[in-house]
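Structure first, commentary second.
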Amino acid sequence: MSTQFVQAVWGGVLFGSVYGLMALGLTLVWGAVRLLNLAHGALFVVGAYAAYWVVSFLHLPILVALPFGVLAAAAFAYLMHIIFIRPVIGKPGFDNSTLVATVGISIAVSAAALLIFNPQYKVVPPVLSGSTIVAGVQITYQGLLVIGTSLALFAIVYAFLTYTRLGMAIRAVSQQTEAASLMSIPVVQTYGIVIAISGGLAGLAGVLLSPSFFLSPNSGFNPMIQALIVTIFGGLGSVRGALVAGFVLGVFESFVEVFYGVGWAQPGVFILIILMLIVRPNGLFGIGEVKRL
Amino acid sequence: MSVGGVVTAAPSRPEVDYAAAPWQRVPIYVIGGTVVAGILLPLVLTRISIGDYLITLLILFFMQAVVAQSWNLIMGYGGIYSFAQVALFAVGGWTTAVLAHSLGWNPFIAMLFAPVVALLAAVGIGLPTLRLRGVYVVLLTLAFHELARVFAVTGPRFISGGGYGLVSVPTFQFGNVIGQQRTIYLYYLAMVIFVIATFVIWRVIHSPLGVAVTALRDSETYGVSRGINQFRIRLILFAISAFFTGLAGGYMTHYNGGISTSVFDFSRLIDLLAMIVIGGWGTFAGPILGAAIIIGLDQYLVAIGDYRALFEGLILAVIAVFAPQGLWPVIRKTYDKYLGPEQQPAPAPASAAAHAETRNEDLK
Amino acid sequence: MLEVKGLVAGYAGSEVLQGIDLVVHDREGVIVLGPNGHGKTTLLRAITGLLPPSAGQVLLNGKDITRWRPDVIAAAGVVHIPQGDLLFPEMTVLENLVMGAYNRATWSERNVRLGHVYELFPWLKERGGQLARTLSGGERRMLALGRGLMSKAQILLIDEPSLGLAPLTTQQIYASIQTVKESGMSLLLADENANHVAGLADRVYLLETGMLVREGPADELLRDKALLESYLG
């Protein structure tokens, strides 16, 4: 097996896990709240910087910083829900307001990160360091951790949604909001929970990924764009769609990059998604649009 | 008022022509007065010490107001969540830069091509994108923004200038005029562009097309039931918006003598968004007001440096949620309440009919 | 047990209900009859919180529930089986039923409650794994009914149970509702025709353009064919 091929596969699986992780939160929120959260990248940044702060200023190990980052991002997301999303739920201007509000929050978070920490790239220590060589390709242990965590999280989230009372409530709210409230499910409260969970997921992605890509105030933007692409490709609101699409796009991008060069990766993905939107606008596993509140 | 025809007579196309010309809505002396003031203003300003700075601010205001109005036309009126505005500005700017810089064309001629290429690019993006619903438009236009940016940075030399953009692009030459007099001519050119764009956008908003768009925005089912072709209308609006945005881009390139990749910075997008949101989303005068505010505060905003983005982001979020209509409607209401003559309440037939539609469905 | 006083409700500046007064006593079956478009659905939605009323009161056992959120009203035992079923399309039959018992009080005993529902509709048990959106019209109706029964309802509000159903299925549905009623459940049923409701009804209201124009004991009103025809056509 050629080194290039292995490199492409490794890159693809790694990218795929990363994209999937980012997309998972985004798709959950869309499914439940019908909210396009353009502050998702900001949550990534909040998680990463929170972990960095714990490591650099509190001098605690990364294993402590990691859950801290996740919780910080989840809390921030919940706060965002309370202040900026809850007030406009059910109102006709919801889409406009939340679009602008999440963009504004995104910018504000970037700026705050810039002011609190400086613009220089920060180094967030990996949870696992070191690597090994397989078929001539460097396989980092942190990379394996990312892949493992991503797959584990998908499994956990899937189980949560399928078998737990709260998870089923979230699915119910996503599919038929009025009926859900008739089942005595507190819909708005459920929204808040989903948003907090998605924040936590984004924060986790932030903490795990930052060691591989240097952390700066604008680090959240690209992962969010990728997440958006994956979410749409996989089907808005579909968890398994996010997983599959993440890997499909990750592998595709990796192969294009390895065999055709970096410059073609983005346009390649762009073309792929346009094709998908033409052939099958709902994405891989998208269901038709269902009634919202 | 034939606006009632939209609801009751059921013609296949809504008729509105009573306000198609601005001077039938706003008193003509107000418009005339403003135009005259605009013409005389630089002559007055050159007499004061900071006059030159103010004139350059006004030029900036004119161009930003054009782009803000164009973006508001598709987002506020059309409900098209496009983030390609800055990229289209860049397309216009780069077109004229390349024509003038590499091919040696006269800037005035080159500038005329900027809006055309921007329009073509917009149609190119619009064809696959505008058939799709809101969230897809966001994604695809964001993707276009990124693609354009990457292309501008890493593209062939005659475009990317080695990654920084094109510098030493020829600027406008008005005969042998230099200095302050030249600035005044630049001002008039900018003003002409602003007036034309504003006038066209006014006409579009108050034309049958504009009414159709507002009807669609308020209730898709109503609009479609009236036979309004959503895709075609969106494409037309998108093209018009791109046209003027590209034109502004072309002007600014020659005004600045170059165009750099910093034009893709998100801060530009945020500034424009702030103009629309603070000024009045979906209103005619809103973006103009917003542009005036942002440009007017420019000096102070620059002074606070990195805090600027923080405040802008927070203000955007707060206004979007707690005062989504923006500043202009507030001003308008205050004016009507205290200063305006007795006015007939303007009916909103499109929205009322839309609600009627929903109500009928729910009653069954 | 359920009292509605002077209820006014509607949509976007136009009131559909013009001041409704009605009462449902314990174990009573009350039918609201009216043609389409006259406010039956609006009435039920206003009572169960899906539509905030502009004026008036809804009282449950004396408690004012008018402005309560729909999920709180449902938790209090006012169960709405809505028009169009509003099932969870991507959930299975079993999952839909289980969601009916979401409330903490019922969740722990959901398996017991499932048993009761299966007695009423045995086929639900066999086809538990089928996706709700693949069911036929009649099956959906039964599932919706079953789902509503999974909760600890004090009163069932049912919106047009026979809408869009074939005659045989219609009979089945009404028979099931009757069984439920006979077990002691209070009922507020909104319907378009009076054909099948005789066994269920203790009292009847006639609804016309948002107002209740007649009220009376079921055996009296339902027997008056001429009256009914002039109302329901």
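The first chain written gets the first letter, and so on, giving A, B and C; residue counts start at 1 in each chain.
Please note the rule applied: a contact is a pair of C-beta atoms (placed from the backbone, for glycine too) under 8 Å apart; a residue touches a chain by one contact, two chains touch by 3 or more.
Computed from a predicted structure; not experimentally measured.
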Specify the chain most distant from chain B by Cα centroid. C
Averaging each chain's Cα atoms, the one nearest the global Cα mean turns out to be A
Rounded Å distance, chain A centre to chain C centre (Cα mean): 42
For chain A paired with chain B, centre-to-centre distance based on mean C-alpha positions, whole Å: 33
Chain centre separation in whole Å, for chain C relative to chain B (CA means): 52
Complex contact set, residues of chain C against chain A: 48-50, 69-72, 74-75, 79-80, 82, 86-91, 95, 98-100, 102-103, 107, 147, 151
In the complex of these two chains, what residues of chain A are touching chain B? 30, 36, 38, 83-84, 87-88, 93, 95-112, 114-115, 221, 225, 228-229, 232, 236, 263, 266-267, 270, 273-274, 277-278, 281
Going by the contact rule set out above, which residues of chain A touch chain C in the complex? 165, 168-169, 171-172, 175-176, 178-187, 287, 290
Quick check: in the complex, which residue numbers of chain B touch chain A? 81, 128, 132, 134-136, 138-140, 142-143, 146-147, 150, 154, 266, 270, 273, 277, 281, 306-310, 312-322, 324
